[in-house]
Every structure is written in C-alpha cells, then in structure tokens.
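Next, two complexes with chain A in common: one pairs it with chain B, the other with chain C.
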Partner chain A sequence: MRGSTIVSTDRQPVYHNHMKRHTKGNFHQTAAPLLFLLPNILIFGLFIIVPAIQGLRMSLTEWGVFTTPRFIGFANFVELAQDAVFWKTFSNTIVYSLFTVSLIMVYALALALLLYKNTIKGEKIFRSLFYIPSLLSMITVGIAWRFILGDEMGIINYLLRRFGGSGIPWLTDSNLAMISIIGVSIWAQAGYYMVILIAGLQAIPIELYEAATIDGASRTKTFTAITIPLLRSTLLVVMVLSTIASFKAYELISVMTKGGPGYATKLIVQQVYQVAFLEDRMGYASAMSIVLMLIISIFTLVQFKFSGREQGYE
Partner chain B sequence: MNKQKVYNSIHYVLLIVLALGTLLPVLWVILSSFKPQSELFRVPLTFLPQKWTVQNYVSSLQAGNFPVYFSNTVFVAVVSTFITVMVNLMAGYALAKYIFKGRNLIFTIMIATLMIPLQVIMIPIFLQLKNLGMLNSLWGIIIPPAATPTGVFLARQYLVNLPDSLIEAARIDGAKEYSIFFRLILPMSKPIVATIAIFSFMWRWNDYLWPLIVITDNKKQTVQQALANFVGQLQINWSDLLAMTTIAIIPVIIVFLAFQRFFFSGIAAGSVKG
Partner chain C sequence: MKKILGILLILVLVSTTVFAAGTKEETGKDVTLSVLWFNDANEDEVFLNTIDDYLQANPHVKLDMQIVAYNEFDQKLKLMISGGNPPDVARITTNTLSVVVDSLEPIDNHVADIEAVKAQFLPSMVAFASNPKGEFIAYPTEATANGMLINKTAYDKAGIDVDEVSKDWTWSEWESVVKKVVAANPEMKYGLSVDFTPHRFSTLMYQFGGHFLNEDQSNIEFDNPGTIAAIKWFKHVHDAGLVPKSVWLGSENPAELFQAGLVAGHIGGSWNINTYNKNVADFEWKAVRMPKAEINSSVPGGKFIASFKGSKNQEEAFKLMEAFADKTHNEMYSRDTFNIPSRVDAQVSYPSNSNDFEVFLEELKVTPAFTANEWKNTNLSKVTTYIREQIVEVLLGNITAEEAVANVDKKGATYFK
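Coming up: the complex of A and B.
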C-alpha cells in the first residue's frame, strides 16, 4: 500500500488530466504490449493453463508414467466414490481447514487489535516478532515442532514430566496429532494475516471511533457496530487466502506426521502425491485433484456469497 | 485514568506472553543447534547450551552434499528472483500502460488462477516438464513458477500510478518502446521491484513442492528437500538436523530484517487492495 504511494508525488493532479486525455490515442499500440506480455504468457500458458486443462483430461484416463494413457470415462470418479482412504483424507481435509481457518482468523484478529493503533511503545517490534514464523518454510516449521513435541525427548513433554504430569503423545495419538498440526499451522501463519488485518484496521476512518466515543458507545458496541462491519472485506480476504493455504498443507504434515498415525492426519494433497508418484496412477490421482479443486471452489464461492449478502456498504 | 493504566499493563503482558510463545520455539531450535550432541537430550535440559559448540555445523557441512544443496538453492533463489521480477514487471507494464484487445481478459485469467493450488495441477506439470526435458534440471525449478499472478498484480498496481506524461514525453523525443521501459520505467519502479524481489527470494528459498516434482537427482536437490529427506530417516541425527535447519532459516531472517518495510507494505498492497 505504502509502496505504491512513494512515487505519486505532488504533481499527481496534472498527470491525471494527461492520462485521461491520452490513454486512447497515443497508447493504442499492439505490438509493444504483446511483446512485453509474451514471456509471462508463455510461461503461464505452458505451466499453468495447459497443465490445468491436461489435468481435466487425465482424470478421465488410466495413466502411468511409462504406459500409454487409456480413456476410461468417469471410471476414476466412480472408483473414488468407493475409496475409503480417499474419503478419510477428504474428511481430514475439511476438519483441518475449518479449524485452521477459523482459529487463525480469531487469533490474527486478536493480534491485529492489540497492535494496530500506533499508540504503545514497541508496537513495530512486536509486529515484526509475530511475523517471524511466517518467514520460515513449512519444512523448517515442521522440523522445529517435531523436535519440540517429541514423545520422549521433546521439551514440552520434558517440562510436563518435570512438573509432575505425564508425557502427552502429541504426534502419535490420532486426535492429538490432528490438533497439534492445526496448532502449529496457526502458529506458523497467524503473523502474516495479522499484517493484512492491521492494514485493514488502519484504513477505518478514526472519526467513526471518535463519534462513537462522543455518543458514549461501549468498547463492545464500538467493536461490533464499527470495527467488524468495516473490516468485513479484509476479513473475507483473510478467510479466502487462509482457506486456499489450508488446502495446500503438504510440507508441514509430511515432516511432522507423514499423514499418520495410520491415516489420521493424511490430507487429500498427500494422497494425490502418494497415488500419482509412488503408486504411479496418474489418472486416478488427477481425478482426486479435480475433486480437491471443486472443494476449494465451493468453499471460496460460499465465503464470497456469505459475506456479500450481509454487506450493507460499498 | 487509572483504569487506562490497568488496561495498558494488561495489553503489554498479553503481548509479551504471546510474543514469547511465538519466538521461544524458534529460539529453542537455534540454541539447541549449538549444544554438543551429548547435551542435546541430557536431563535436566537447559535453555542455554552448557557448552557452546559449532561442531554440529562443521559436521553437517562436511557430511553428504549439504554445501551442494546450499549452493543449488542460492542459485535457484537468485536467478529465479531476477527472472520473476523482469517477467512480471514487463507484464504489469503492458497491462497498466497500454490499451489493447483482450487486456482485461488476460488480467482476469491470471488473477483467477491464484485459486488453483500447485498441488492440484502438479501431475500434469510433472508430465509437461518431462516432455520439455526439464526434469532434474535447476531450470525446471526456476522457470515454470516465474510468472506469478501476484507479481503481475503488484507491478500493474504500482505502474498504473506512474504519470503517463513521462512516457509521452519520451515518445515525442523519439524513444523506442523497449528503451522507454528499460531506461525510464525500470529505474522508476525501484520500490515495487524490491517488493517483488524480496517475496520471490523468500518463496524460492523456502519452496519445497516444485523441487520435489522436478528433482530426483541427489546432486540437484535444494536445502528444503535435503531437510525433508533428513527428517524422513528412521534414525534422525537431531544435532546435525538442527544445525542445517538453522542454516536454512538464517538467510530469510536476514532478508526480513534488512527490508522490513517492503514486507508489510507489499502484503498490504497485495491483499487489501486486491
């Protein structure tokens, strides 16, 4: 946000007039813009668009790396419907996403509320501190927490035993493993969403709060009547971004639990990788990817719909 | 007034507790990497190493191919960042400053693909790279993810605000379109170039999935791959692993500390306005 204001200097109004007058005339060129776009479109088309279409086609085939693809219609999807492991990873994905996204939103909002006002000392330092986990790769986050949550030698169980408790099987009990993964996901990502929410909170005009204070509104009232409604579009952005991120959770789980114990923490993305590259059933795995894509689209659409309906402003 | 003071102290206490919860795990890993192997799991555990040592670093750098992985990753991150900045800045410029048929369509398609996680198309991408002979090549990691919708979006957003009159003046002076871009636009785009470069570097440094798809040759792997392999073994040598993990996180923390303001403005620009 601030980045884009750096060059718009005091002379901006003049430019504005020029822009309006000339955009249609002088700037109407075809060769130059296409050349500037070419590298991007080439890479983009070759490695995003074509594979996306190819993926759809593959889902209707039986396809291994070294065999000739064979068209089998919707057989992959029929098999998928009866695949117990797939349904387990499906429900794991939903559970993981729902909890991770909602808890991240609550925690990141709490952090943002504590840190957006620019009034207390050291606010900027705190912001940076909370952002630090977002800098780390999910592989290193996973390693760090596996070290910390280890059954026998992890520091947390050590402290629990030291103070009279007993060790907790953080990563080896089915339910606890899912809870641990969700907790670590929140720890790792909240700072990023906090930054987005701080920007959103700071964009709310201060006059509104002043007016509310003059009217004698309580803190709770101000929060529910001003902060939340005006923050709604930012909250939507956070919700959509964290939802998409939660469906991608691959690294963290492969380092911390490998999807175990059993299938307790295995998500669809792990299963796709397993089936495609370890079992060499690329067509079947593509069908899974399509289902994953559908879930993501449905989630995102519902979120847009849901927050759009209640939106009274803009 | 007194009530305000109480509020303030609760505020601080809360922040400090949460900040400790955020930082202690990272500190614990870094400090433990300086403990001698014999001390790592010795009861009673101590927060600070009793005896500081860099032995874990020495042995992890000597063992196996870690220096190779490290230099692969530096190469990939640096070259990718350069390509990503150029490709996306040029595209953002075309979308911001020219009017042509299909402009909005192209932009919309690019932004829409943000919703497709790589995981969903990783199989066809693998086959595509195989067809193009890019498997097991560092270029296979570098080039495919270089055109990012976010990068185009940030560049376009920034360049739209640059004055058109400068470009016109250059045209009147007879400047060619490409030289307007390289001589005029590029120097004026420093803040957004910095933002895209920093995010690109971080993302490439931390990326695991692209290398996982592209690279099977042991000598071509990246640091994140090496870490994932190391932690996948049955007997984990935690002393070495923690040292390697620390080596993997230091560059991103340095980049962050050096360029903090670009991080927060970049995240805000890419999300709130989008």
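Coming up: the complex of A and C.
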C-alpha cells in the first residue's frame, strides 16, 4: 500500500503528509481553480482595485477636468474636516442609511414571513407585486413619486384639497422630505430583499418547526429560537447589501428632491457629484469618495463582526 | 481537379478583396458627423429640417445625433472632451461656453475674414462667443433673454389692463396688482413662479442693483446691497404666499404650474414662448415688461453650435455650422423654434407671438452690458449651484441674507485665487 493516498480506518478519509506532497503541483487542484478565477480576478482588479487606487491618488491632488493634477498632499482631507456642507451631507447619509436599512429589514422580513409558505391563495401574485418596484429604474421611481407627493401638482395633495383639506408639504418641509425619500426607498427596494429572505426561510428544515410544535413552543419562541438564528446569515447579506445601497443612493434623491429643500436630503454622493462635475474639483470630490468608501467599509465590518457568527443547530 | 478548384478559389478571394478595396475607396469620402444636442422643446427636429437642403446637397455627410437631457449635458460633454473624444458639433449654452471655452476650436482658423463673420451677429452674442484671446469660438444660433409671461385671462378677470399697468411698473406695484388677480381667480394660488436657477434669480438681482462679481471681474462680490435686497425681497414674496415654495424648496416645474393656471405669471426664458405656444390652450397668455426695482433688466443669453479641438471631422463640421448659421437658415430656425435670431440681418416673421418677442427684445435693450460678462465668467459657473443652495437656506429661514452672501463670497473666492 506504499504510495496509497488514503488510509481508511474508521471509514473517514485521512490525508497524510506524503499525500500533500503528491498532490502539490497537480494541475486540477492548484492551477485550474486559479485559471477559472482569473477572469473574475482581472475584472475585479481592472474595474475595482485600479480605480480605487486611482481615486486615492486623485484625492491627493488639486485637479479640474481640463487642468493638470497638482499634488497637494492631504490638503483636501484637511479642508474636508472643516467643510460644513460635507458634514451636513455626512449626517444626512447616516440618518438616511440607519432608517432605510433598519426599516427595510423589518418590512422585507415581515413580507417574507407572510409569503414564504406557499399556503395563501395568490401568494405568488403578492410576491410579484412587492417585487416589481425593485425592477424599476430609480429615476422612474423618483419621477413617479414626485408626481404623487408634489406640493402643488401632486396627486395626494390634489385629493386632499379636493376634499377640503390642505396640502401636506411632503417635499418642501425639511423633515417630511427626508421621511418621504426614506419611505419611497423602502417601497422601491424591500421586494428585492424579500425574495432573498424568502429563499432563506424556505431553506430552514420544516422538521425543526414540527419538533418545536410537539415540544409546545409558542410562535414567538419558535421565531426567536429557530427562525432568527437560522436566518442570521441571510439577514446579514440583506443588511450589508441594503447598507451599501443606501450609502450610494443617488438617482432617487436627485429626481425627487435634488437634495433639498436646502441641504435637508442631500447625501454625500450628491455632494461628490456637485463638487466633481459642477464645481470642477475632481481631487476634492475624490477625497469625499475615499471618506465615503471608508465609512461603508467600517459599517460593513461592524455588521460582519456582530452578525456574521456561524450558527449551528442540534 | 483539386488544383483547378484551388486556383478558382484563390481567384474568387482575390477578386472579392479587390472589389472590397474599391468599395472602401469609394466610401472613403463619406463623413458621419457626431452631433451632441439638447432640447428646450423640439430644436433637434427643427435643426434637421433646417439643414435638410445642406444634407441633400452633400450626400456624403451624415449626422449621428445624440440627444442628451439638459441636466446631464455639461457632464456628458466634459467627459467626452476629457476622454479625448469630443463630438464634431455640439449645441451649447452660454453657461457651457464658459466651462469648455478652452476646448473649442476657433472659427478664426477656418474662415478667411473672421471680422466679417462676427459682424453678422448681435454684439452680445459675439461677446459670449469670444474666448479670452478674442477668438470667435462658436456660431450663435439664437439669442435668449429672461422675461415675464403672464396669464392674461386671469388679469382680465380681475379687471386689470395688464398692458397698461405693466408699461412702467415697480415690484411693489406688481405686488398689489397680483394680489387682486389671485383674489379674482379662485383656482389661482400664486402671483409668480421663478425658475429654480441662479440665472433666473439674477434677473431680480440685477433689477435690485446687485451683481455677482466686482467691477473688473477679478473676484466674487455677491455681498453687496443690491443682492441682499433682492434675496430679502425674494424671501418676502415666498413668505407672503405670492410665490409658490414648491419651486425653490421642492423643485417643482414652474412652467407646469403656469400651464396649470396655478400662478399668474412666470419669470423664465424666451424659449418658454415656444413651450407655451404648444402647450397652453385653456387661457390667453402673453409676455409683459418685468417690474423694476432700482432698474429694469433682463439677463442675456444664447445658444450656440461649436466644434472642438480634437474633433475628428472638423472640416466638414465647420462647413455644416457655417451653412446652418447663414441668414436663410438662421431665420428659418428662429421662426420654427420661436426664438430670437442671433443675426443682426435676420428678418423673422413668426406665425404668431411676434409681440411677445418684441417684449423680450425690449428687455434686452435696457439690460446692463456687464451682465453678459458676468455670465461668461468661468469661475462664476463653478459657484452658481452653491449660490442657489444658499438662497434656499435663506428661504427656509436657516440663515439670513447677509450670512448667505458672506458664505458665497468665502467659497467663491477660492475659485478666483
């Protein structure tokens, strides 16, 4: 048996050191996976890593679209620290993200719990109805909702006035404007996350629920002891994806409020666009983008840290 | 047999290659001009109709028109230029001119007598289309001005002869008049809507004696009594409910509010004549002289077509632009787009609304010359969005007019270093 690769004792394969030496250099187990990954690695490197490095380099320069970049060290970051408008957009971004992500999680989970069992009549139609908004372009969604929420020309205010009420300043009051864009963001995106959560819920073995029922567990107990722990990894995916999306929200807000009134709904990405393309300060805009990237990274890492622990069940 | 077949195959291949080369030779003169365009209304259609005779006479010239929303136009053009792939021809505004001025190919390099060409256009248009070296960089296609369009039916219903009262009215007189108009029309809610742009706000600013820049245009000087007075007045009419908050605070379209009969008047651009001519059927409207504060003033502007340094088909691009800018084509384009012609010798007979164009021209005649120079300043164009935001902050009551102008000067100064 010298040269044998596997020594079977208790029917479990055991790999010995000489086996590792043998497989080292095996094309199928070493180079082949790398070759399969190569296209993705190249695309990722070309379109993610290289632009990120380029962005970092640009953030250290003073540069307009039609001028030659001039190295200025960390001056852009120093200016950023004292830029009141940037910090306003920063706080807006945090508020928008916190509310959008947490409410999307709750709403999408509620929808998924209602619609995952295939027991309600017309369940698939409801799933489609809730999912359709996520297929629409955010620009279309923004235009449609501006048409609904507009102060003077909006449908809701038209109906309110028609029945003797007064209009509600959905988009001209600073607080209501933020609430409006959060609400529309949730409406537009929850369906997508609902589908992910339905897949997660359907992957939980039904036997666990049956065992819990036999043991006399209440619905709440089943939900907290079985559903949530086993859905944790899916919830983490939803949380990370929705957080990243919320930090990058641009089209919807640009169409619905243009970041206004004033700075009330202006997020960092809107400010980056304005500084880069309207004020022609590419270097400064790059510094903002770097800060945004760091914030997203920190949020994502924190989410992984607190939510990403593997859950097992006996 | 195989040899014969082989020889035949080679002959077929060779002859195909020769014919293909011949075809390439023949179509070598064909030129497809890339044209970047934006629309206020239907200018792309009118442009194509206008130059149809030129294209018929020059069948080797084809156009690849790319029509971009105005909001995205500047960014698209900048990216094309910075990417080394500028269009052959682009329609541009005075604002865009100030941004891309250094990238435009001077007409001086393509005509024998540039002074004769310049003399064909309105002086204000030539001023806009000249770069700091004095080179002529774009063909003016239409002149624009800001002005006031009013709902005549609503004024009539209030028993107000708008032609009479608007001959020489002030903003305080307008205020008392427009309150009567709104009171007499239950469906009407406001007296005036003003486009959500610094350009349209500057109409009021100039009327109140304000300005953006200092006298020699070397620095921003938004902090001046006229500008502060204009901002305070603008806040006053918002607070008094004479102007809808939904435009400057909620970015609703002021033209739609006017068309819906919700406002008695609209301060917009001369291109709105074309828009309302097409869209308004429920009431009679017309252009009237704007009220004055310290002075009467409009804001001059214009649209142009230009080619760029590095454009691939410059020679054909300049031939096309020259043809489009001649008297016949300019008159035709101005008539069909309801625009003020850019040529001094143009005689346009509009199918309707001639009086409205006259009103806008009257506004232009009394507009101070420095206004054009301010709006062609490249550095000013970088701070206009911030100016708009600061005015909104005043309207919201978050800051005072004095704080807003100080903020603008502080930020603006960084662009005039």
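Operating definition for what follows: the second predicted complex is superposed on the first by the 255 of 314 C-alpha atoms of A that agree within 3 Å, B and C clash if a C-alpha of one lies under 4 Å from a C-alpha of the other, contacts with A are read in each partner's own complex, and residues count from 1 in each chain.
As a working rule, a contact is a pair of C-beta atoms (placed from the backbone, for glycine too) under 8 Å apart; a residue touches a chain by one contact, two chains touch by 3 or more.
Predicted, not measured: the structure shown is a model, and the values here were computed from it.
Peer 1: Can A:I196 be said to touch chain B (first), chain C (second), both, or neither?
Peer 2: Only chain B; A:I196 stays clear of chain C.
Peer 1: Now for A:F71: first (chain B), second (chain C), both, or neither, which partner does it touch?
Peer 2: neither
Peer 1: By residue count, is chain A touched more by chain B or by chain C?
Peer 2: B
Peer 1: Is A:F304 contacted by the first partner chain B, the second partner chain C, both or neither?
Peer 2: Neither partner.
Peer 1: Where does A:M153 make contact in the superposed view: on chain B (first), on chain C (second), on both, or on neither?
Peer 2: In the superposed model, A:M153 contacts both chain B and chain C.
Peer 1: Based on the superposed arrangement, let me know which partner A:T257 touches: chain B (first), chain C (second), both, or neither?
Peer 2: Only chain C is touched by A:T257; chain B is not.
Peer 1: A:F44 contacts which: chain B (first), chain C (second), both, neither?
Peer 2: After superposing on A, A:F44 lies in contact with chain B but is clear of chain C.
Peer 1: Which partner does A:L241 reach: the first (chain B), the second (chain C), both, or neither?
Peer 2: In the superposed model, A:L241 contacts chain B only, not chain C.
Peer 1: Looking at A:I139 after the superposition, I want to know if it touches chain B, chain C, both of them or none. Which is it: first, second, both, neither?
Peer 2: first
Peer 1: Determine, under the contact definition given at the top, whether A:L278 touches first (chain B), second (chain C), both, or neither.
Peer 2: The answer is second: A:L278 touches chain C but not chain B.
Peer 1: Determine where on chain A the residues touched by chain B overlap those touched by chain C, and list them.
Peer 2: 65, 153, 258, 277
Peer 1: Help me check something: in the complex, which residues belonging to chain C touch chain A?
Peer 2: 74-75, 78-79, 81-82, 99-100, 102-103, 189, 244-246, 248-253, 256-257, 260, 262, 382-386, 389, 392-393, 395-396, 398, 415
Peer 1: In the complex of these two chains, what residues of chain B are touching chain A?
Peer 2: Residues 8, 11-12, 14-15, 18-19, 21-23, 25-26, 28-29, 32, 41, 43-45, 86-88, 90-91, 93-95, 97-101, 103, 106, 109-110, 113-128, 130, 132, 143-147, 152, 157-158, 161-165, 168, 171, 177-178, 181, 188, 191-192, 195, 202, 205-209, 224, 227-228, 231-232, 238, 241-242, 245, 248-249, 252-253, 256, 260-269, 271-274 of chain B touch chain A in their complex.
Peer 1: Under the touch definition given earlier, write down the residues of chain A that touch chain B in their complex.
Peer 2: On the chain A side, the touching residues are 1-8, 11-12, 14-15, 18-19, 22-24, 26-30, 32-37, 39-41, 43-44, 46-52, 54-55, 58, 65, 111, 114-115, 120, 126-133, 135-140, 142-148, 153, 155, 158, 162, 187, 191-192, 195-196, 199-200, 203, 234, 237-238, 241, 244, 247-248, 250-251, 254-255, 258, 269, 272-273, 276-277, 282, 285-286, 289-290, 292-293, 296-297, 300.
Peer 1: Given the complex with chain C, which residues does chain A contribute to the contact?
Peer 2: For chain A paired with chain C, touching residues are 65-66, 85, 150-153, 169, 171-172, 174, 177, 257-258, 260-263, 274, 277-280.
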